[in-house]
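Could you have a look at this structure, given as structure tokens, before my questions?
When the chains are written out, they are named A, B, C, D and E in that same order, and each has its own residue count from 1.
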Amino acid sequence: MQALYAQLLVGLINGSFYALLSLGLAVIFGMLNIINFAHGALYMMGAFVAYFLLSLGGINYWWALLLAPVIVGIFGMILERTMLQWLTGLDHLYGLLLTFGIALIVQGVFQNYFGSSGLPYAIPDQLKGGLNLGFMFLPVYRAWVVIFSLVVCIATWFLIEKTRLGAYLRAATENPTLVRAFGINVPRMITLTYGLGVGLAALAGVLSAPINQVRPLMGADLIIVVFAVVVIGGMGSIMGSIITGFALGVIEGLTKYFYPEASNTVVFVLMVLVLLVKPTGLTGRAA
Amino acid sequence: MTALTDDTLPVTPRAMRDEMVVFVVMALLLASVPFTGVYPFFVMQALCFALLACAFNLLIGYGGLLSFGHAMFLGTAGYCSAHALKVWALPPELGIPVGIAAAFVLSLITGYISIRRQGIYFSMITLALSQLLYFIYLQAPFTHGEDGIQGIPQGRMFGVFDLSKPTVLYYVVLVGFLAGFLLIYRIINSPFGEVLKAIRENEPRAISLGYRTDQYKFLAFVLSGTLAGFAGALKVFVAQNASLTDVHWSMSGEVVLMTLVGGLGTIFGPVVGAFAIIAMQQYLASFGQWVTVIQGSIFVICVLTFRRGVIGEIAHYFRRSL
Amino acid sequence: QDKTVKIGALSDQSGLYADLGGPGSTLAAQMAVEDSGLAAKGWKIDIISGDHQNKPDIGTAIARQWFDVDKVDVIVDVPNSGVALAVNNVIKEKNGVYINSGAATSDLTNAQCSPNTVHWTYDTYMLAHTTGQALVKAGGDSWFFLTADYAFGAALERDTTAVVTANGGKIVGGVKHPLNTPDFSSFLLQAQASKAKIIGLANAGGDTTNTIKQAAEFGIVKGGQKLAALLLFLTDVKAIGLETAQGLNFTETFYWDMNDQTRAFSKRFAAKMKSSAPPTMVQAGVYAGVRHYLKALEALGGNPHDGVKVVEKMKSMPTEDDLFGKGEIQPNGRTIHSAYLFEVKTPSESKGPWDFYKLVGTVPGDQAFTPLSESKCALLKK
Amino acid sequence: MPETATADAPAKTAAGGNILQVRNLEAWYGESHILHGINFDVNAGEVVTLLGRNGAGKTTTLKSIMGIIGKRTGAVKFNNQDIIRTTSDKIARMGIAFCPEERGIFSSLDVRENLLLPPVVRPGGLPLEQIFDLFPNLKERLNSQGTKLSGGEQQMLAIARILRTGASFLMLDEPTEGLAPVIIQQIGHTIARLKKEGFTILLVEQNFRFASTVADRYYVVEHGKIIDGFSNAELAANMDKLHTYLGV
Amino acid sequence: MADEFILETEGLTKEFAGFFAVRDVALKVRRGSIHALIGPNGAGKTTCFNLLTKFLKPSAGKILYKGQDITAMAPADVARLGLVRSFQISAVFPHLTALENVRVALQRQHGSSFDFWRSKSVLNQFNDRARELLNDVGLSEFANTPAVEMAYGRKRALEIATTLALDPEMMLLDEPMAGMGHEDIDKIAALIKRISAKYTILMVEHNLSVVANLSDIITVLTRGQVLAQGHYSELTKDERVKEAYLGAGHA
């Protein structure tokens, strides 16, 4: 029984990564209608930027938490301005392929310069050590990850769903020309939103740097699962992806305990089942 | 999903004549390959992928359904054919049908599950199904996991054609490809193909005209999946192995890429796309580490500058459908 | 006699194995050619390289084209067992020479052995055997396995289990995890709960490095359990960092800092690497393999362009080089040389950027590799 | 929110002064050349109607003024500022609002969000209560999804949402399409009232009967050109011509 | 007499999350008549159409078509029984030519629509009929124009031609004249008049002169319910109808 609690908790921690990553994807998909395949690569960049900040500039984890998303976000905005922008109004497929291409380039370049086995990034001193919860040893860093991601998720949700910005964005996805004709600088808004989504990915990257290896392919392995999370939650639904992210982490954790061989597969089984029952995901709008 | 094929031109009798001319030219070019000194294995491989891409294009270009799991048909047919040839020691003319049949059955099942989903959800459910299958194949004993089925005997087709001779194999693959290609061409230009296009354009309207659209999409899915399986079965003879690569999602992505590079919803586009991508992979192999970067750049350039694909751009230029 | 040779370095140039093989392997082959001094004797030796992208069909297509079009004589390296086995078939069919250094599968010299193949450096049997035996002897008698859920992981676990139990240890549990799992905390918790003295990592690449990193986070090593990585390379340790990797046990057959010869070679090698990294054991294996191959050709007086003939010659000559020392090639194609159990140094023990290992034990070649009596290789039945 | 700013009339130009000048306007959809030199003027406080057959280029004219046709040449002067090269968001901020013929209701927004979507560009728009007075249906359906409204309700919503922005120059593309006679009458009243409050309105209409109740002047568009124009007073005299132009 | 009415509904109701878009509607459409359904915006006319053609599932009630209960049928099957609709927002196949648009409809009855092994030249047999239909709606010169390039009014006309191609017994037209120029309105009105000899027509239309000229009988719907029914001349005198639909100013 105790072991089960431990698994649940660990699942929640993983869930917070899924939630953060799928949140960024959901923002980008829901608001810009782009299936951002580069998300994994940008997540990886977040981790790398944190590494550089530390090893080259001596800038610590806490600053990296702020700076890396900004830096990667700006990179994302440049991508949006120079490339993605030209795809407005076209089918999803083109955005997907373009961002897939971008992901390949980014990953390839990082691999060339840093190899594929990755670089170490230490846990910041303030978050070292662990708590003995009785049923498990909980590293302090992991506790921090859960709490911090929850806060970020809720803040983002609030920004998108509870302010005007969200309505503008959704409307702009459907008919950018008209929204622009209402007096809103749609291109700038879109660029900033892409920056936000990408920044979220980078943030997740910084968070994961001390836990996982800082590797060029760290995002590539994750991206498909994160896509599944977004689909299960309902494409474009912010809350849907947050909840599904956490829930999936837990479900995966349980699978790892009861039937570990299937822990990579369970998300796809879930996705098929959910889509069979609810054709547009748990909370999604019609495609 | 209309923006994908916005440039589809109406097919006029003149267009059909153009297409036949191009087809004959293509067939003659391909038939003369063994006499040109071009490396036949490369062409054979490309032919298999070309058939796969054509099958995929049938679904997306004419049915408006973007499957992100087409590798599952390729891989399944490959594994089953390979198993039939190696373990059951069936001759090629029976080994191929085994693979096709497997893909057919698989497409019935996956089609039944996925066909009612729309747009991006259709893509995702096909992706999920193919991922499930990937994990099954990773575990299943008969696939030999990540080692794959190796050293598959090529055998003698109908007891006469010795497929281990490159030239013989080449013509067998070529005939297979051309047959598949013609079938797809026929499907596109059949009464069924017309209805499919109408459904792609405006499904509610098609329903209101009395078409049970799910059945048409299902048939298109099954045809596409089975033909993809044919490609997979042929590929076994060329590569002489069947491995997880063929069921991995990146293979599904590659098919999308080939079709896109050549021109979505064009008849010859997928063929050109497949040749271009395979050639690129071969050629880039010597670039070592920069492969992914170059490949990525090609994606980006392709999407940004010639979105209609090679054939699509040419067709657009001449205002013909090709 | 024909004195032209073409060597194809087929590796993963951009993926998971690019660091331990990849461009470094091509470099190693080049250095072997230079060091052989054959050019001065009128030989013309070319090297081409290719990226199999870890896909068997790309690997076989390149191999086939190399033989058919580029007239390659020998293919070297080829990490990734799946690709390695697929290429093995092509080389046999084309009667080329295959000097594999990067692949782990012992099948290359076992069930799927070929008269054209020489398998250098290491294999799963050796890894399992050396690590398992040495650790049990050092008191690590209860084991828990974290196994990658595919054939390679299963083979490692099976072989290690056999050694551990044979030496009086016992297996207290294990968990199979899917390939490419990003998070191991669930599994580590189970390992921790098992109270086993040794946690054996029957996985590879990113899976292994992530496990090690997260094990440190969960205080596993501090809690008194030991990690034994069954397959780990120098570059992995570099990637994890000593802080995290310290105390880890594993086996390699080559380490740059073993003796003066290895240090001298590594210095030359690192100077030519973009990353200034010393050679891994896989790259070292490519060097040694090519050197031996060229020696065989020289002994033949020219290149007969006949794979079986060349490999027979290679087998008939004892191996000896600066990197692996003395050894031999068995009739099944297996190269035999010593294997070493290392422990990763603590950060304070380390004196340089690549100063990572302490030697813990040495197992002579004849004990480290599959005994011929157990081999299922058809070549042995003659 | 400036919804409450009822008292302020929209910024007026000199009464009767020329507010919009269109000179030699040409426009293209991709390759096809649609407008071949449109010339007309709108004076402040006027209601001007563009008439013409299907496909004559009326909608295209409005879109070109709004800046949402990719390729356009000529001169469009709004308050004496040339806006032919200006982007549509800036044009909107200058006080031009556009209600498109396809309505452009957003399906991902509910009715309230649709209604509140266009930002208020200056004070003087209609307050929400007045809008609900005009279109009571909307008030009832505030929380349903935008595109789930009936066709006519969508049309109401499309008109309603630009009334609140405070733009003083409204372009309405077939605002009565699909509306019930009662509502059409209401829209007629609304237009009359807006005019009284100083709004300027450029209207495109197929419903000639409706147009004749609200318009001050008419222009007839054919094949991408203005071929005729007259005031309401001259209407009776021009009925025959109109017949041939429009087949009324 | 069951034959007198081609379509009957009893207690037809549709509820959207507590909102009754259609409530307890009993509608009887006489065979061979032009029956108009009018009512203020949001009265539930389109919803009614959606219910009748099964694009929506009724919350309650029953639909009888030619005496047969079709309440539980699938939309495509209803169309196959000869009950065919047009859409309020024009619905064409944008990248097919006008001729192909019509042909798709003609092809359906032919029964060869699943034949993927045959050449589509078998469809040429429909060309003459398709041209005839295009001619009827005044589109003969646009036969080879892709629908997407047509002006709005012509798309509507094309849609009617496509619907006619099915040779339905009963047509449901949702605002067929919306957005058309006067000329076209007259043309389409004449067309509807002409075809009504053969088909039964149920039509939603806001253009009163069209309603007045064409319809044999009119049902007025408000707030989902039937308010009145009768001939145009009767209804224009009805105060309730005036208030709810026609407006005070109506002469």
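Observations on the structure shown:
We take it that contacts are C-beta pairs under 8 Å (C-beta built on N, C-alpha and C of every residue); 3 or more make two chains touch, one makes a residue touch a chain.
Chains and their UniProt names: A, B = Branched-chain amino acid ABC transporter permease; D, E = ABC transporter ATP-binding protein.
Predicted model only: the values in this text are computed from it and were never measured.
Under the contact definition stated at the top, no chain borders both chain D and chain E.
In this assembly, the C-alpha centroid of chain A lies 43 Å from the C-alpha centroid of chain D. Between chain C and chain D, the centres computed from C-alpha atoms are 75 Å apart. Centre to centre, using the average C-alpha position, chain B and chain D are separated by 51 Å.
Looking at chain B, residues 2, 135, 139, 289-292 sit in touch with two or more other chains.
In chain A, 108, 111-112, 261-262, 264-265 are the positions where the chain touches two or more neighbouring chains simultaneously.
Which chains touch which is summed up as A-B, A-C, A-D, B-C, B-E, D-E. If you check the complex, the residues on chain B that touch chain C are 39, 41-42, 45, 135, 138-139, 144-148, 150-151, 235, 239-241, 243-246, 281-282, 284-292. Listed in rising order, the residues of chain B touching chain A in the complex are 1-4, 66, 113, 116-121, 124-125, 127-129, 131-132, 135, 139, 249, 253, 256-257, 260, 289-293, 295-300, 302-304, 307. On chain B, the positions that touch chain E within their shared complex are 2, 5-6, 8, 10, 12, 186-187, 189-195, 197-198, 201-202, 204-213, 215-216, 219, 223. Here chain A touches chain B in the complex through residues 35, 83, 86-87, 89-94, 97-98, 100-109, 111-112, 224, 227-228, 231, 235, 261-262, 264-265, 268-269, 271-272, 275-276, 279-281, 284, 286-287, going by the rule given at the top. On chain A, the positions that touch chain C within their shared complex are 3, 6-7, 10-11, 13-14, 108, 111-112, 115-120, 122-123, 130, 136-137, 139, 141-142, 210-213, 215, 217-218, 221-222, 253, 256-257, 260-265.
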